[in-house]
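In what follows, structures are represented as structure tokens.
Two complexes, one shared chain (subunit A), two partners (subunit B, subunit C).
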Partner chain A sequence: MEYTTALTTCTYCGCGCNFYLEVLDGQVIGTIPCKTSPTNEGKLCIKGWNVHEFIQSPKRLTRPLIRKNGELVEADWEEALDYTAQRLKEIAEQNGPESLGFMASAKVTNEENYIFQKFARAGVGTNNIDHCARL
Partner chain B sequence: MIETVKEQVRKLLDSGQIQGFLGLLEKNGHISPHLFTDPEELDRLNLGERDKPGDARYPLTKYLIKIARAHPDKKFGILVRGCDERALKTLYNYNQLNPGQVVPVGIACPEELARECECRQPYPEECVAGEKSEGCASVSVDRLDELELSERFDYWTEQYAKCIKCYGCRDVCPVCFCNECTLASEDLVQTKTFPTETPLFHLVRAAHMAGRCIDCGLCEQACPVGIPLRTLYKKIYNIMDEELDYQTGYSEEKSPLNAI
Partner chain C sequence: MTNSVQEIEDADCIFIIGSNTTSSHPLIATRVYRAKEKGAKVIVADPRRIHIADIADVAVQQNLGTDVALLNGMMKVILDNNWQDQTFINERTEGFEEFTKAVQGFSVEKAAELTGISTEDITAMAEIYAKSDKASILYCMGITQHTTGVDNVKALANLAMLTGNLGKESAGVNPLRGQNNVQGACDMGGLPNVFTGYQKVTDEALHDKMSKAWSSGKFPSRVGLTIPEMISGIEEGSVHGLYVLGENPVVSDPDSNHVTKALEKIDFLVVQDIFLTPTAELADVVLPGASFAEKDGTFTNTERRVMRVRKAIDPPGEAKPDWEIIQELSSKFGYAMHYESPREIMEEIAAVTPSYGGISYARLEGPGLQWPCPDQGHPGTPYLHKDKFARGKGLFHAVEFIPPAESIDDDYPLWLTTGRNFSHYHTGTMTRLSPTLVCEYSENFMEVSPEDARELDLSQGEQVSVASRRGEIGVRVQITPRLKKGTVFIPFHYVESNVNKLTNPAMDPIARIPEYKVCAVKVEKNP
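Take a look at the complex of A and B:
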């Protein structure tokens, strides 16, 4: 018998509201807005209140996928990151950093998007950055 | 005060009278609901206060429903203030919790918090810690009652218009336990539209709070736009009290509205 709460940050937008996920015997069963969070002070929007519903969706990707011979194959993080780093380097060397583009996400925090664009601009050297919300 | 509570909970756990204690845990500067099963963890027990009394209260009784249902053979201690005890009574009345599974550990709220809440009874019947302070009158309701009808109507219309329909008032409510919620029923209210249907959405909820709302004030604290929901439901309490002689949260029976 175990009931506990895990403090985390909402993935629905960049505001960064904090809430607890209620975990009963290993299952996530509910969302509780965090009252001591300076960002949202115990309040949430309707999306935040229902986060616990999507995180357990069977349709959710839980591991990285790499396309091999035209098919998406599950990979571990090490392999996926090594492959991505290697290809980014190769493409940048062959065709210049302007040949690369970076697509940011609406479902990560503001801070993660900041790091992402910094990586693209300062790390790789391209201004080709866009956001999934423009699609 | 907290040491007395810890001692009491430790006794209950050690003696096997309860298998878990639902309270609040202090972790990384935050205060979160937690089921204590190991007395060692009690070092980090918190009474729901970080910067001032009661500023980190959570609807523990609501969480207990889920835990108790998953473990019907276990007994649970739970941290209760006056409002939590009223919630427990109401949940017993509506068969949402079995009193045989629950051992309340009561604390009285300090005067400062009682005044802020305009709480009728800021303490549970049995207190392990804290001094019982006097109940307060609902001044916020009186203030609005003094307004002319048209002014009062305008006031509430303006308040309801702020609603962003997050359903937080319902989701945080310790006595909202219906399997089918009217506020999510397309036949009764507009569910997938915005702005919020005014005043229907809020009045439907207010009507459903009659004989249910135990005046914990958590809805108002969860409201992102600051609608004075507690004042609204305090008025509902007063109507139930004056017209039907039913004291929500204090009575041992379901409200007369459920008599049919």
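Take a look at the complex of A and C:
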């Protein structure tokens, strides 16, 4: 049996509580609040205490999906990314980059949001990028 | 937040408005309880009698959409009694004369009439807030999700400047951000008008700087489309493709029937998420991303603190960290990206973003860093506007009361407002898969006052239909004295009974934020 912990930051609200995710043989089994965190000082709310429960849900997406004949079917990464890049390129060429929109995310990391907007701006050529800050 | 979470507990007065703090930000509510124990006065203004109102010195329930009236009423009392901080006003602000004129034209009686709060309570709130040495305002979407959202925030800023409650510890104007990294998504330029660190896309010098850094000047110098504008663009045929990263607009956007129709119509929709959300179900391509437990990176919390996210496990199946997916897609599109790790991306962020200039993974071991943090030697900034405001002088804005976009009438006689409950989060894609949390609240409900329940002949737990001018949903009745007569409340976590089919997409003209917090509905018993 292999038991490890990873100190990280909660994925729910904007408080930014720190906790250790407990991992036993590749399964996240629990959450331990971090006592030295400046925000939560060893406490957590009900959502934080149970954050490990949703991560490994059987409902997680595990493979890319492509719509074929009206149905979403499993595909490999190469096909999904090639097709996506090709369709985005076609639309940008036919209707201009301003005909594409990008929704960034309040859930993903800073680094991911950064390269996402960089892709929209420097790669595609549009400032049509927004996220749910208003929602 | 202008100030830090820790500082809240040393405030002398905490004014909570439009934030159900115990439900939506429990670990910030903890600080309010501690402050109360240390002797702070607590004022709560919320259309519902929320949990934290139980410890308040003054708790009031304003009518929906009347925040400006309430705040102007409080400021009128402060000016009439000469309780303002004239030294702060003279040294640190401008626009005071014009602001005074607007407030002097208003009366406490008028405020009472519009808000439904007594003149005595408005006076007491003004006195407690103005006479406290360190008064901290906490607000949330109850302030911003209005057609007058910007006015509401300006009115709060006026109140803080009027009493000198900015630029010092344990005071300030503190928006509580609802999502773990909504601050970071804004900081990183996930907005149509700014690059990272709020550098304007319309500024030619910044355009040149970013073009050089990114070896591409393809992007225009004009502001792009907001989400509601993208949705309209799809309908009008000007937007043909959409790349959605970890968002669920079908559930989260107002008038969601309308959003669903637009996404069904669009030529190409790619959705990157960890679940097959209702938005992903409409996609042409779905890309499986990684949850926060499966990747490295950083989040920036509501007090501007940049903190590490560390990988605990591998993503399930073939799912991948989102940064890897984005960079592969960008490279295939023809704009090559070759980052080895999120650490390397942060080095680039620091290089192009003045407020993140001193942030690096090496410095994020421990409690993190609060921006602005311009260089490697800078300790970070616990509270903003210490000696001067970002723009120099703090600017008073004369703000007049404007009623909400939609009003009740004979056909739709009840006011509806929306929010979260304590065990669920946003559109419920995560929390509703957590058995412990589902135990607390498994299905949607409508809170209604005992008076309205009696008038409508509703009983506890009864299934009813609630309709607005835009749609109709079914919910169970929860009769509670937390609501006052004439107003009902429905949380927005439940896709099968989605309250955003009812909400009003009317937007604030500046912030383009929809008026989720006010619309008119009718409640009907099921036949």
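Here is the rule we go by: the second predicted complex is superposed on the first by the 93 of 135 C-alpha atoms of A that agree within 3 Å, B and C clash if a C-alpha of one lies under 4 Å from a C-alpha of the other, contacts with A are read in each partner's own complex, and residues count from 1 in each chain.
What we mean here is this: a residue touches a chain if its C-beta (ideal position, glycine included) is under 8 Å from a C-beta of that chain, and two chains touch if they have at least 3 such contacts.
Since the structure is predicted, the reported quantities are computational estimates derived from the model, not experimental observations.
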First (subunit B), second (subunit C), both or neither touched by A:Thr36: both
Chain touching more of subunit A, residue-wise (subunit B, subunit C): C
Which superposed partner A:Gly16 touches (first subunit B, second subunit C, both, neither): second
Touching partner for A:Leu7 - first (subunit B), second (subunit C), both, neither: both
Contacts of A:Asp25 with subunit B and subunit C, given as first, second, both or neither: first
First (subunit B), second (subunit C), both or neither touched by A:Ile46: both
Partner chain(s) touched by A:His131 [first = subunit B, second = subunit C, both, neither]: second
Overlap of the subunit B and subunit C footprints on subunit A, listed as residue numbers: 4-5, 7, 36-37, 40, 43-46, 49
In the complex, subunit A residues that touch subunit B: 1-5, 7, 20, 22, 24-25, 29-30, 32-37, 40, 42-46, 49
Parts of subunit A lying in touch with subunit C, wherever the complex brings them together: 4-18, 21, 23, 26-28, 36-40, 43-57, 59-67, 72, 76-77, 80-85, 87-89, 91, 94-95, 97-135
Subunit A-touching residues of subunit B, taken from the complex the two chains share: 19-20, 22, 27-35, 37, 50, 55-58, 63, 66-67, 70-71, 74, 164-168, 171-172, 221-224
